[in-house]
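Each in structure tokens, the structures are laid out below.
There are two complexes below, and they share chain A, which is joined by chain B in the first and by chain C in the second.
Up next, the complex of A and B:
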């Protein structure tokens, strides 16, 4: 078993800040992240955002300083469960979850059994919040991604949409929700589900081209799938007007690595690129992130930053009120109601954040322009607009 | 409908040719030593990342990375053989554990060196579309198909025409008899393992030019190669090619005529059917009779 235990730099850095740190109470939080395995890319970016959140919190807090213990869950549910047990055993007051609903499910159940708050930004399945766990919280959900795509479709009014969806849990769920909601709005929808192992998407794209005759392709998938789908579309050139995706698509990284495939492609986003962050917290996050990792903030890192910040604030409040050791953290989490880089975060009784919603950003010659909903847009959409 | 089916068959043949490239290395090591190299997919992956490294650092066509890939992957194959050769008991079983562990090490080394991001060629030449009547493909796929055919021919010639090739066939057929004929079986197995590394090198570079690679997908190549090897039957090089094409076409037709979610299932169903009705593979029995 490969288990990587990384003790955060944040405490050491915070202690170097000044003598105030010497008198601060030190608290440990735990995190299990997929640092290796099929979800490693997401796990590594999540970890980066989390580390910056801890560092930023420690900078501004004199009374409480946090350190974080990270365990590699190797993208597997069993490892994630044992990671949670070890973290709690090591004294973590709460746990930050990694990525993937199938991993978060058992890991958060284990955390609940141990009575520890578990927060995630990497699992959007509706089943997770239907379990009635008292200690489970998440800041994003399937409905938020669905709303982003629905808004775009409502504004562009395509007559037919082809959804190409991975059979993994989250993309499949999103595709199902989109199929239902778009069909109710009178859009002709065809769903093409695919096994995550496939690499040649030409047979699917050919069906879109010859059978569906769609105006828009919506990809509910992950980065490697996006590349395969768009590449196949570039070869077969179906008569569509726009290619849309969801998470991890409208990022500067995707454009820098696949410039020939990304132009005019649309994906969920929250800030345009070059990054325009206006509030002081977001600006400091963007500056610190650039300083430490030598790159601009991106979507996954921001999700992780927000969930970590919210957790640390709730822990501090519980510690201040003297309820942290008495099981008061879930109640403090439910008192959260604040604006973040991702919009408003407030947890309902299931631990979900009903205010989560995303904008849609379009790759435009190396920039990302927010194009939908119009209230958040900083530019107009190129439509029809394709990478070829 | 006809257009859909024709495109599916065409795409299946192109994909199948790369399956064949990947499977050949596994097949030759399996045929000679009767061991399954579970690190074979990771060796292919290492070659793919070598192509990525060369392309991004020099701007050259990814195929220019083949010499470097040959050194790296061929060298690693040689080291892997030396480790396997030290196994004294239960070689078939212990080599599985050893090669599985080496596969994990290679995957994590790639992860450390190249991060977990998705990689593929950025060469416009290889990414551009080519059409043959109503059939479409990427230039990279057509080049990979041609490379696969060439390599297959080269391997065929080597096994039939060269002394070491004949020695590999002899050891594969009967190790003890080969020894009595003056062939050093250990040296021959060593050569076969390096030949498998050479094949993995070219397969990895070809894969990089037509597909997407990530550190976690090495084991999937091994599984695919194993299916093709069993479909073909041990010891049949043309069988590997035809088995791979059959698998590729079956998968593509499943996507077109049923659902793409069933593609992997169709491949496994084909594998099980062949195992059930033709335990020696599609071409293994005929080759033995011949």
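Up next, the complex of A and C:
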């Protein structure tokens, strides 16, 4: 009798679990990323963060399970637009955007025309949020990167700063903003713009050394440019006290690939290395990311994780309220107000996140120490501190 | 053996051209008749823009023997010209598009000294020339928005109840513009000027000896090619709605049209158009469905096979096939 009861109970439990699993609604989200070409590494890392966010959300959600379809946009606007149209055609309830304002601009406009929410962490142009698209959201912006460097400059008080800036869209925008804001604070600022095709930075470093006599070099550029600039500086040894950069610089990968160039260099960062994440969500993300990809979380993966998590939560809320099919997702996105690995995220009317701000991390013999702002620091800055 | 050597083909007769045009128009109408979705129409629109530039590139190569690696310059100038004319001066988009073609012609005039060069020297000169415009678009940020790009580009308007900004509307517009450009190209080819230009492509010295002003004729072809490319650049700008120097003057606009034209058969009028549509759709629909990331490798194999098996392109291959059948029947 007891045996029979146990079997019946087990069957009932199994059926209940099975019913719950079967009743979970499966929803599709779409994403277009640069998975080939010069931005393939960024697109791949974005995709990894996104996949972990989906997996982590599905682990804790019984009612809604998400699938993600990713299309390679080949860093081409027309192909990104086609990707959005295909994703929506395939049933995606929202779209996660790729990398670069030239791609995000037309792709998000196409998504808006189709009435689908579009979220990105890969475009900082101010024009994107000035268009008044109701379905466009982004978690990072130029102002956040600018604030990170401004905080560092305010704490170190250099008298002169040389900004070496690529003429590409995002670096040029950041350099312009920094030039204005630092000059207003009484810092002597000189901007040296360079064409992305340039690989020999010695003429610019010579100007910094002989003419600017700067205390600090700020690089507003990308990985290959950072390497070229620091290599030229190491040869000519200008009398500066610190070399600072922005995105994709304070990463373990940069140190492992260029250990002779990175020590004491400062760049924007969210978390120190070795990774120290205290909140349960971030800790689970770091653990899962290490388990799946056998490496530590990094900058772009974190951005992608946060944007995807926020989107999935908003979709679930809209589905719960029965407004997902009735255009209610943009309103749910605007109700987002939560702490994340990037700090607070809340969207304003334009879809921008005014709370986006970054810390600055310094390469220190293979580790990355958060050194600014003081409130987020886990160590003191080495200043003066140079790679040579 | 001789069939593998590219040769100057004579323009085909009017009846066969009419049959070709009829087939092309039926093919063009098929997607609309079949109710193709936005995604497929979007792919066709991109393919037709590529087809327009391929046609312009083939025109320059076929009529005058000029090999250009710098059509991105005309494409970018046309893009920015139309975007600025319509957004900043408030001109109607349908007026700013042909004006953009005229401005691209203006830009091509700066290239006239390079017409004295030939072969790889001309190709290198025009390649360098396209870079100048990319840098200008970056540096003139007060006008172009610089590296940050230019987004406030007006959309295509509604004409006679047809919303040209919609996918189906843009598709119809591009089919019409490509057809018009092909017609102009075919008319030039059939004219005496066209005969002289094809002779120049074979031997410029010989045509000069018989009194042909080769420089003038080549300059006209450069201007016509620039106009067509500028118009397609302008249409693309209004369809995409965003411009930045790296995109508008990207080397892709110089290289892909060459590939498409050679694939289709650059010595024919319809070859570049067919080549552009086929390679774009093959890459985005077939190859991408087989290999989602890195699908370009399949396109590479296809192109290599095509060049080895049919150096005169797809239309050359078709002609060879038809000739073989006729010979067999005879």
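Here is the rule we go by: the second predicted complex is superposed on the first by the 367 of 388 C-alpha atoms of A that agree within 3 Å, B and C clash if a C-alpha of one lies under 4 Å from a C-alpha of the other, contacts with A are read in each partner's own complex, and residues count from 1 in each chain.
Following the convention adopted for this analysis, a residue touches a chain if its C-beta (ideal position, glycine included) is under 8 Å from a C-beta of that chain, and two chains touch if they have at least 3 such contacts.
Just so we're clear, the structure is a prediction, and the values are computed from it rather than from any experiment.
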| item | value |
| --- | --- |
| When both partners are placed on the shared chain, which of chain B and chain C touches more of chain A | B |
| First, second, both or neither for A:227, with chain B first and chain C second | first |
| Contacts of A:350 with chain B and chain C, given as first, second, both or neither | neither |
| Which superposed partner A:167 touches (first chain B, second chain C, both, neither) | both |
| Which of chain B and chain C A:195 touches, first, second, both or neither | both |
| First (chain B), second (chain C), both or neither touched by A:109 | second |
| Which of chain B and chain C A:36 touches, first, second, both or neither | both |
| Partner chain(s) touched by A:258 [first = chain B, second = chain C, both, neither] | first |
| First (chain B), second (chain C), both or neither touched by A:323 | neither |
| Where chain A meets both chain C and chain B, residue numbers | 36, 167, 195 |
| Contacting residues of chain A [partner chain C, same complex] | 35-36, 71-72, 76-79, 81-82, 85-86, 89, 101-102, 105-106, 109, 114, 125, 127-128, 131, 167-169, 171-173, 195-196 |
| Residues of chain B that touch chain A when the two form their complex | 3-4, 7-8, 11, 14-15, 104, 107-108, 111, 115-120, 122, 124, 127, 129, 136-138, 211-212, 214-216, 220, 251-252, 255-256, 259-265 |
| Chain B partner contacts - residues on chain A that touch it in the complex | 2, 36-38, 40-41, 43-44, 75, 167, 192-195, 197-200, 202-204, 206-207, 210-211, 223-224, 227-228, 231, 234-237, 253, 257-260 |
| Chain C to chain A touching residues, read off their complex | 37-39, 42-43, 45-46, 49, 135, 138, 145-149, 151-152, 236, 240-242, 244, 246-247, 252, 284, 288, 292-296 |
